[in-house]
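In what comes next, chain A is part of two complexes: it sits with chain B in the first one and with chain C in the second one.
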Partner chain A sequence: MISREQAVLDEVTRIGGVRSALLVSSDDGLVVVESALEDQATEAAAAFAARLGGRLATLTSALRAPPMSVLLLQATAGQLFVVVGGPGLLLVAVTSNEVNIGEVRLALLAAAGQLN
Partner chain B sequence: MTDDISGMTSQLAHDPTSLVFLPLADALRRRGQLEPALAVAIRGVHRYPEIADGHDLLARIHADRGDGDAAFDAWTSVLRLTPDHLGAHKGLAFLAFRAGDLGRSAKHLSRALELAPEDASLAAAVERIRTMIATRAGGAEPAADTPRRSGPVPIPPTATTETTPTLLLDAQGRVLRGRIDRTDGLDASDAVAAALAGVSREAERAANLLGLGHWRAIAMEAGPFNYEIRTPTAETLLLVARGREVPAGRLARIADRAVDQARRWLEELG
Partner chain C sequence: MRAIEPWVEGPLKTFMTESAARVCLIMTGAGQVVAQHGFTRSVDVMTAASLGAGIVASTRELATEIRAGSFGAVVHQGSRLGVYLAPFELPAAPWIGLVVFGPDTSLGMVQLFFGRMVDELVRAAPRDEPHRDVLPETFEDELNASLRTLFGR
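After this line comes the complex of A and B, so read on.
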């Protein structure tokens, strides 16, 4: 019997090119639930996602603008998606560069909606 | 660049009637030497009052110095001479926006877009202003004591025919160029630069740790705004912000251009 959170994350990792999907505590960057291929540095991804989310919160705070809802770090060999997954939670996905960005974004937003 | 300025200064000294005052004043302005730029431009405009580009340059120098009234007068002079002057319409749009006159700002921006229909940043600015006007028309007028501007400024003060980066900062969190405002209209450039200091290093470390290679861009959606963060050089960071009416894909293209311009500007600085 898998948890609802696990099922939601498993849906995300079924998308081609998604290496891992995580539910992360935004306060301390710890992995709450994960769905990942082997050899994925999920703890590092979780920690970084929380740290970057926190740092960019100071950006929106400085602008007196609403907080971040979706974040995408693009790199030469892959991408990191971060979506606010509810109070104190982030949904994180690590993908290749071959993914459909729009599809992953929508899947994460849908997952966040299911978890809320 | 310095040699160019020395050469042009020498040329102008030998021949005060030379039109070299235009590139000289602009070069000084780009280097941030606004007082000498102003002096050169004023002398040139007095000598050649019929040259619209002289007034336009003078207006941009005034705008960079924060003298909006003088900039307004100079850009108005440009339009008297050349009614379809792109830079003047963009400049007046910026001044109107800062004054909270969205209708007048939209009028000048729309005219500018007619004159430069391929300019994606102008199209984005027009969309944004129209959205703001529609939002204002659909909701309550802000209270008299509420600043009328909201969101990142669509066109920076030094707007020319180029897309100027919204905010360029160095690795120590200091502003190099551009400006970004809080949603209540106050300048937030320094605070934003400080907030973003170290982001590049952190992104690079994370990308390495996760086996993602080198980081290229950070895109962020936050309420009514989209943001794009880039690293034009190893020591600089660029933030481009637009309203959500500018889709993420288009914002990425705007950021591409802004990165190119930032690199050129940094090269000019030496």
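After this line comes the complex of A and C, so read on.
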């Protein structure tokens, strides 16, 4: 039997171009639940996403700006999406550059809504 | 940073830079210090090494006792500081890493870059380590020389 969280992540990875979807502890950057293709370095993505999310939260707080809703980091060989996935949790997706950004963004926000 | 084995210095330096950890101690499975970064007093190093090796030995025995195979890293997370203690295998012998980190990094980052440091150490380690007695006649002299190397005194 798969957990509710696993089912939600599996739904995200069904989108074309999504390599992995992770639920990550925002404090320590560890993977809580994951749905990933083989050979994906999910630990590294989780650690970096949590650190990045933490730094961004500090920045937005210092600027007295509202907290982030979606963080998108674009690199030459892929993209990293981060949204808040619940109290103390982040929902992270690692995708290729060919992915439909809007579709992934909506799927992550919908997934976060189911997890909250 | 001080290291008795020069080939440890590069991977340890990279680990400290990338993980943003505060203190790191690398020791043999018996608790003999190989390298350290962040300690200022030799007595702290010797105490941390003894306690770290003791904890790893205790958890290994506990794993045997409850037939759990083997345990990996031991982590203690407090509100201000965390401690990551992990045994790892080099070609010649088992070693132990003890890392102290603060809120400026995370357990995930420490774990990630510690794994990379271990990979680098395995690649850099000399393959033919000469056999040495655990407590040779020159133990005290070697210990003092090691402490001088680690603290530059």
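One rule holds for everything that comes next: the second predicted complex is superposed on the first by the 116 of 116 C-alpha atoms of A that agree within 3 Å, B and C clash if a C-alpha of one lies under 4 Å from a C-alpha of the other, contacts with A are read in each partner's own complex, and residues count from 1 in each chain.
Please note the rule applied: a contact is a pair of C-beta atoms (placed from the backbone, for glycine too) under 8 Å apart; a residue touches a chain by one contact, two chains touch by 3 or more.
For clarity, every value in this text was computed on a predicted model and none was experimentally measured.
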Joint occupancy of chain A by chain B and chain C, clash or fit: fit
Residues of chain A touched, compared between chain B and chain C (which is higher): B
Partner chain(s) touched by A:50 [first = chain B, second = chain C, both, neither]: second
Superposition-derived angle with apex at the Cα centre of chain A and sides reaching chain B and chain C, degrees in steps of 10: 100
First, second, both or neither for A:30, with chain B first and chain C second: second
First (chain B), second (chain C), both or neither touched by A:94: first
Overlay on chain A, chain C to chain B nearest C-alpha distance, Å: 9
Chain B and chain C contact sites that coincide on chain A, given as residue numbers: 44, 48, 51
Chain C-touching residues of chain A, taken from the complex the two chains share: 24-25, 27-30, 43-44, 46-48, 50-51, 54
Chain C - residues contacting chain A, complex: 77, 105-109, 111-112, 115
Complex contacts: residues of chain B adjacent to chain A: 151-152, 180-184, 188, 191-192, 194-196, 198-199, 202-203, 205-207, 209-225, 227, 239, 241
Chain A - residues contacting chain B, complex: 41, 44-45, 48, 51-52, 55-56, 58-80, 94
